[in-house]
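The following pair of complexes shares a single chain, subunit A, combined with subunit B in the former and subunit C in the latter.
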Partner chain A sequence: MSTTARNPGPQIVHKRGRDSVSNWRLIDRLALYACWAVGIGLCTVAAALIGYMCFRGIQYMDLSLLVTNPAVGASQADSGGFLSPIIGTFLLTLIGTVIALPFAVGAAIWIVEYGRPSWLARAVESAIEVVAGTPSIVLAIFGLLLFSGSIFEPLSFAADNGAVVGKSFLTAGAMMSLIAVPLIFTSTREALMQIPAQVREASYALGKTKWATIRRVLIPSVRPGIFTGTALGMGRIAGDTAIVVVLLGATLTLEPQGDIPLIKTLRGSGSTLTSYVYNNSPAGEGNAPQKAYAAAFVLLILILILNFGIDKLARRSKKESV
Partner chain B sequence: MERSVKDAGGGQSPAAKMEKRAEYSLGALSSLTLVLIAAMVIYVLSKGWPSFAHNGLSWFGSSGNVDQQLSEIFNSPANPKYYVYKIGTWPLLYATLLTTGLAVLIGIVVATLAAVFIVEFAPESVKRIVSPVIRMLAAVPSVIYGLIGILVLVPFVGNEIVSGGRKQSVAGVVQLSGASLIVAVVILTIMICPIMIAIVADALRAVPRGWTEGATALGANRWRVMWTVSVRAARPAIIAAAVIAAARAIGEGIMLAMVSGSVGFAPNPLDGLTFWFEPLRPYAATIVDNAEGLSVKPFGQTMYAIASVLLITALALSLGGAAAKRPLRKYGVRL
Partner chain C sequence: MSFAPVPPPIRRIDPDAPATIARPGSNGVAGAAAAIQEAVAERPGTKGERMRINDLSIAYGTKLAVREVTLPVREHEVLALIGPSGCGKTTLLRSLNRLTELTATAVSTGEILLDGQSTHELEATDLRRRVSMVFQQPNPFPMSIFDNVAFAIREQASRKPGKAVLEPLVRDALERAGLWDEVGDNLDHPALRLSGGQQQRLCIARALAAKPEVLLLDEPCSALDPKSTEIIEDLIVKLKEQVAIVIVTHNLQQAQRVSDYVAFMYLGDLVEYGPVDQVFNAPLAERTKNYVAGTFG
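Presenting the complex of A and B:
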C-alpha cells in the first residue's frame, strides 16, 4: 500500500498536461475548426434568413393588407391584401388537423397497446413512414385523381360540363391530413412508449378494462405528446404549397359553391398564404414581390409560433401537472 | 348498442365485447394506411401507364428537346387516336439526380460535422442556440426558401456572379438568368440538412458511454474519440439520414420550380464553371409548373407517369431508410 502512495503516476499525467486543443495534431485541429465553422455557419444562415424576412416583411407590411381581400390589379398598389389567404390557411389547417388527429392517435394507440397481429403492426408502421416520405406534389395529384371520381362530388363541385373538379377545401384538407399524420403518430407513439408498464398494471389492478385504461389513464398522460405532434403537423400543413396549388385551385379569393352556409365555403376553392406567396413571386402570375414578402412574413411568424410557442406551452402545462 | 351485445351473446360480458370492438376498430383504422398506399400506387401508376407504354424504356432516355415534346403533348389533337405521347425525360431525370445527389453529398458532410459539434464540442450556451436554430431551419416552409431564392439569390447570381462573357458563350443554347443549378443545390442543402442533423445527432448521443470512455482512456483526444468511435458507430444513422434526405429532396417541387429556371435543359459538366450556372428542371418541379394542364388527357397522363416514378422512388427510399436505421435499435435508438 505504501508503494502506491509514493507512486508518481499523477505527476506524470500532470507533466503531459491536460488534453488541450493546442497539443492536438494539425488535422484534428482543422476538423474541430470545421465543426465550429459549420455550427456557426448554420446559425448565420438562419439569422440571415429570419433577419431578411423580418426586414422585408416589416418594410412592406401594412395592417390594411390583413383585412382586405386580394383583387386583380395592374400594380402592386391596387392588388389588395391577403385576408382570404389567411382565412384559407386557418381553414385548411383546421380541416387537416381534424381529420389527422383521431386517425394518427388511434393508429399509435393500436400499435403500442394492441399491435396484434405483429406483421400487420409492422406493415402499418412502415406505411406511415412511406406516407411521411411521399412528396406532397404526388399526394396532391393523387388527391386530384381520387376526388375527381363522381362519388366524391359532395366534397367539391362539378364543372359546367358535369365533370367533378375535385378541388376544394375539403379535398385539399383531406390530403393535407396525410402530411400531419406521421408527425402526430410518431410523437404519440413515443409518448405512449415512455409510460411505464406499472401505470397500466395499476389501472388493471383497480379493475379497469384495457379500453378504459387507454381512455382514462393513457390518453390524458400522453396529451402533451399529442399536443406537440399536432402543433408540428399544423405547421407542416400551413407551410405546404404543392397541395394548395393543385387541390385548392389557388383562386384569388374564397369561391363558395352551392347555397348551404359554411358548407359552401368548404366545397369551394380558395387560396392560402403559401399559394399567395407562390403566385405573387416572379414564378407565379401575380408577380407582386412586395405582397409576397409581406405574406411570407405573416406565414413565417405563424409557423414559428406553431413550432416553438405551442411547444413551450405544452412543456409548461406538463411541468404543472407533474 | 344494448341490442348488439345481446345478439352476439356467446357468453361474453358486454365489457369484453366492447374491448374486442375497440381493438378491431383501431386495427381497422390503422390498416387504412395500407389501403391508402396501395390505392395511391395503383391509381397513379395506372393513370400514367399510357405514357410509359407508348415510349417504352426510351421514356427515361433523351430524345430531343423535352420542353418541345411536352408542348406537343399538351397540344395533342382532341381525337384520342391521335394523342401524342412521345417524350424522353432524361433531362428532367438528370436534373433530379443532379440536385438530389449534390445536395445529399454536401449534406452528409455538413450534417455529420454539425451533429458532432452539437453533441460534443458546443459549450452548453452555444448548444442552447444551435438546436432551436436547426429546428427552425427545418420548419421554414419551402415556399419561403423559394421566395428568398428567386428574389435574392437568383438576381445576385445572375447580375453579379455570371459575367456577360459567360452569358454570351452559351447564348445560342441556353439563357443564364441566374436561376441555376448552384442556387438550387445551395437552398436544397439548407433545406435537407436539419433532418439529417437530427438523425445523426440522436445516434451520436446514443453511442454507449463505455466505448467513448474507453477510447479516451487509451489517450485519444476528443475529436479522435468522436471520429473513430462515435461517428463510426453511427454510420447506419448517417446512411439512413442520407436516404431520408434524398427522399425529401426528390420530392421538393415548389422551391425548385421557383429557383431552378424551369427549363428542360441538362447542364453539361464539360462546360466547366458555366455548368453551375445553367438552368434545369427536376421531375417534381415539372409537375408543379404544369399543374394547370393536368386536365388535358395525354398531358395529364405524362404528368402522372412522372409522379409514379417519384412515388415509387420515394417509397423505396423510405423503406430503405427504415432498413438502414434498424442496426441502431441495438443501442436503443428509435428514430
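Presenting the complex of A and C:
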C-alpha cells in the first residue's frame, strides 16, 4: 500500500480508489462478516423450520383430513381430520379483521387528520401501544372476565345453571381484533403521514370538505398501507393460540348455540388450527402428534398464502394509482 | 407512497429588508401612494369587477404578511402579483379563496368581496368552487385522469353523478386546458404517469371543471420546463376570456407576457398597481423601478 501511495500512476490510483472489502480496516471486515453470519443464520433457521414442517406435514398429510371433522377415537387412525378447525381459523380471522378494520383505520385517520386536542391524540396512541404490548393470554383472560357479564349473553351462550359462558366465535373474535388493531393502525398512520400536505390542499382548493377529502383522496391513497396492516393482523390472528384456548371453548368441532342459522355458529364454540395443533401435540392431550404435524403444516401454508396474496393485492392497487 | 418529493422553495433575501420595514413610509411607497390608491379604487359604473380586496391585512402569529392591501380583480383580465420572496403575494392569493384559514396561526382583517358579497358570508366550500386554485407543484391525486377532473364536479363524498353525465364535462375541462388531444384516449390512465407539464395542465383542467369565476395560479410554471411553461402561458392568455385570473409569479418576463394588470408587492405592502406596460415601463414608485430593472429581488 505504501509503495503505491508513493508511486501514484493513474491506473493504480484508480484501482486503489475502489472500495473493496480487502482494503477495509480489520474491525470493519469483522463487522461485515458478523452481519453475514447473522443473516445466513436467520435464513437457515427459517429454511429449517419450513423444511421440517413440510417434511413432517407431507409425511402425515392426507387430503381426506381436510374434509373430515375431528372425532373421538382411541387411535390416531380414527380420530378424524381437521375440517372444523380450518373453518374455525377462517371464521375467527374474518371476525377479528372485520371488527379491527374500522376501529384501526378510523383511529389512524383521526390522529393524522384531526389530532385535536393533542393530549387526547397522545392518549389514543399510548392506548394502542399498550394494547399492542399486551400478551394475548392477558387479553384472553380479560375477555373472558368481560364477556361473562350477563349483558353479553347474546354474544355467547349461557350454561345450564344460567351463568354466561363468555366463550364463542364472537367473543374470541372481539379480543382477536385487539391483536390486529395496532398493526392496521400503524401502517395506515404511516401511509397517511407520507401524503404531502399539498395533496390535501389541492382537494380543499376545489371546494371539498374535510370528509370528502378523506373519503375520496386520502383513503384510496393509503389502501396499500391498509392492506399491508390487515395482512399482518390476519396472520397474527390466525396464528394466535391463547385467545382460542381460553375464549373459543375446548370443543374440537363447531358447537352451534341456538337456532338462528349462522348466528348460532358465531355464538357457539369451536376450534382453530392452532388450538387443534396444541390439543393434539404432546403438550396438550398429546395423543395425535401426526395430526398435529399435518395441521401445523396446513396452518403454515395458509399463512404463507395469505401474506403472499395480500402483498400482491397491495402491489396491484399501488400500481393502479401510479 | 407514490408522491414525488417536494423541493424546498428558493428564497431570495433582500439584505436591507429589516431596516426598511422598521421605517414605515420609506418603503418606496410614499411617492406613489396617492396615484396607486386612485388606481385600485372602485370605479363606479365599471362592470366586470369580480373580486375586490379592501384594506386586507393578514398576519401569521405576530408576523404581518400582508398590510392594508386594496385591489380589484376584473373579468377578462389577468392580474399578476409580483414581488420578491416573502412579500406576501402568495398569502394574498391564498386568502382569496380562504385557503389561509387552513393555517392555524393566520389572522386577517379587512374584507374580500366576490361579486359584491363578502367571502366570509359564503361557505368555504362554495367559495372555493367559484374561486379555484392551481398550485406551484403539480399535485394531481393518485387516481385516473378522468377521476382527477371529475373529482371537482362530483358532490362531496359521493360518487354520483354517473359517468355518462360526467364525461362531457370532463372532456370540456380537458379541452379548455388544452390537454384533451394528448390524453383523450387514455382517460383511465393514472394521472401521476403524466409528465410534469401535463400534470399541471391536468390540475388546471381540474380547477376549471367546476366552472369557477376566478382562477388563482400560484407560480404555476416554476416547477416546469420552458416548453411546458410556454404552453401554459398560452393557455392562461386564452382562459382569461372565460375566467378572471390572478397569477403569482417570480418571473417578470412571464408577468409581462401573460398579464394585463400588475400588482407589485414588497414586504407585505402593495407598492404599485397598474396596467402591465405602465408598471414595467413607467413605474410610479422607485422601489418598483428597481425591482423590474432587476436591481434587487
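In this text, the second predicted complex is superposed on the first by the 288 of 322 C-alpha atoms of A that agree within 3 Å, B and C clash if a C-alpha of one lies under 4 Å from a C-alpha of the other, contacts with A are read in each partner's own complex, and residues count from 1 in each chain.
As a working rule, contacts are C-beta pairs under 8 Å (C-beta built on N, C-alpha and C of every residue); 3 or more make two chains touch, one makes a residue touch a chain.
Please read these numbers as outputs of a predicted model, since none were measured by experiment.
Student: Given the superposition on subunit A, are subunit B and subunit C in a clash or a fit?
Tutor: Here subunit B and subunit C can both sit on subunit A without a clash.
Student: Let me test your reading of the model: by the given contact rule, A:235 touches which partner, first (subunit B), second (subunit C), both or neither?
Tutor: In the superposition, A:235 touches subunit B alone.
Student: Please work out whether A:201 is in contact with subunit B alone, subunit C alone, both, or neither, and reply first, second, both or neither.
Tutor: Once the two structures are laid over each other on A, A:201 reaches subunit C alone.
Student: Contacts for A:211 in the overlay, against subunit B (first) and subunit C (second): which applies, first, second, both or neither?
Tutor: Both partners, subunit B and subunit C.
Student: Would you check which partner chain A:111 touches, where first means subunit B only, second means subunit C only, and both and neither mean what they say?
Tutor: Once the two structures are laid over each other on A, A:111 reaches subunit B alone.
Student: Considering only touches as defined above, state whether A:46 meets subunit B (first), subunit C (second), both or neither.
Tutor: A:46: touches subunit B, not subunit C.
Student: Once the two structures are overlaid on A, work out the angle subunit B-subunit A-subunit C from the Cα centres, in steps of 10 degrees.
Tutor: Vertex subunit A, arms to subunit B and subunit C: 110 degrees.
Student: Please determine whether it is subunit B or subunit C that touches the greater number of subunit A residues.
Tutor: With both complexes superposed on chain A, more residues of subunit A are touched by B.
Student: Applying the document's definition of touch, where does A:220 land relative to subunit B and subunit C: first, second, both, or neither?
Tutor: second
Student: Name the contact category of A:126: first (subunit B only), second (subunit C only), both, or neither.
Tutor: Touch partner of A:126: subunit B, not subunit C.
Student: Check whether A:158 is in contact with subunit B, with subunit C, with both or with neither, and answer first, second, both or neither.
Tutor: Neither partner.
Student: A:58 contacts which: subunit B (first), subunit C (second), both, neither?
Tutor: neither
Student: After the superposition, pull out the minimum Cα separation from subunit B to subunit C in whole angstrom, please.
Tutor: 8
Student: Show me the subunit A residues, by the header's touch rule, that subunit B contacts in one structure and subunit C contacts in the other.
Tutor: Common to the two interfaces on subunit A: residues 209, 211.
Student: How about subunit B: which of its residues touch subunit A in the complex?
Tutor: Within the complex, subunit B contacts subunit A at residues 15, 18-19, 22-23, 26-27, 29-34, 36-37, 39-40, 43-44, 47, 110, 113-114, 116-118, 121-122, 126, 129-130, 132-137, 139-144, 146-148, 150-152, 190, 193, 221-224, 227, 244, 247-248, 250-254, 257-258, 262, 284, 287-288, 291, 294, 303-304, 307, 310-311, 314-315, 317-319, 321-322, 334.
Student: Using the touch definition up top, name the residues of subunit C that touch subunit A in the complex.
Tutor: 1-3, 6, 97, 99, 102, 124-129, 132-133, 135, 137, 139-143, 151-152, 154, 156-157, 190, 192-193, 203, 206-207, 210
Student: Flag every residue of subunit A that touches subunit B in the complex, lowest number first.
Tutor: It comes out as residues 19, 23-24, 28, 31-32, 34-36, 38-39, 42-43, 45-47, 49-50, 52-53, 103, 106-107, 109-111, 114, 116, 120-121, 123-124, 126-142, 144-146, 178, 181, 190, 193, 209-211, 214, 235, 238-242, 245-246, 274, 277-278, 281-283, 289, 292-293, 296, 299-300, 303-304, 306-308.
Student: Over in the complex, which subunit A residues touch subunit C? Could you list them?
Tutor: 191, 194-196, 198-199, 201-209, 211-212, 215-217, 220-221, 318, 320-322
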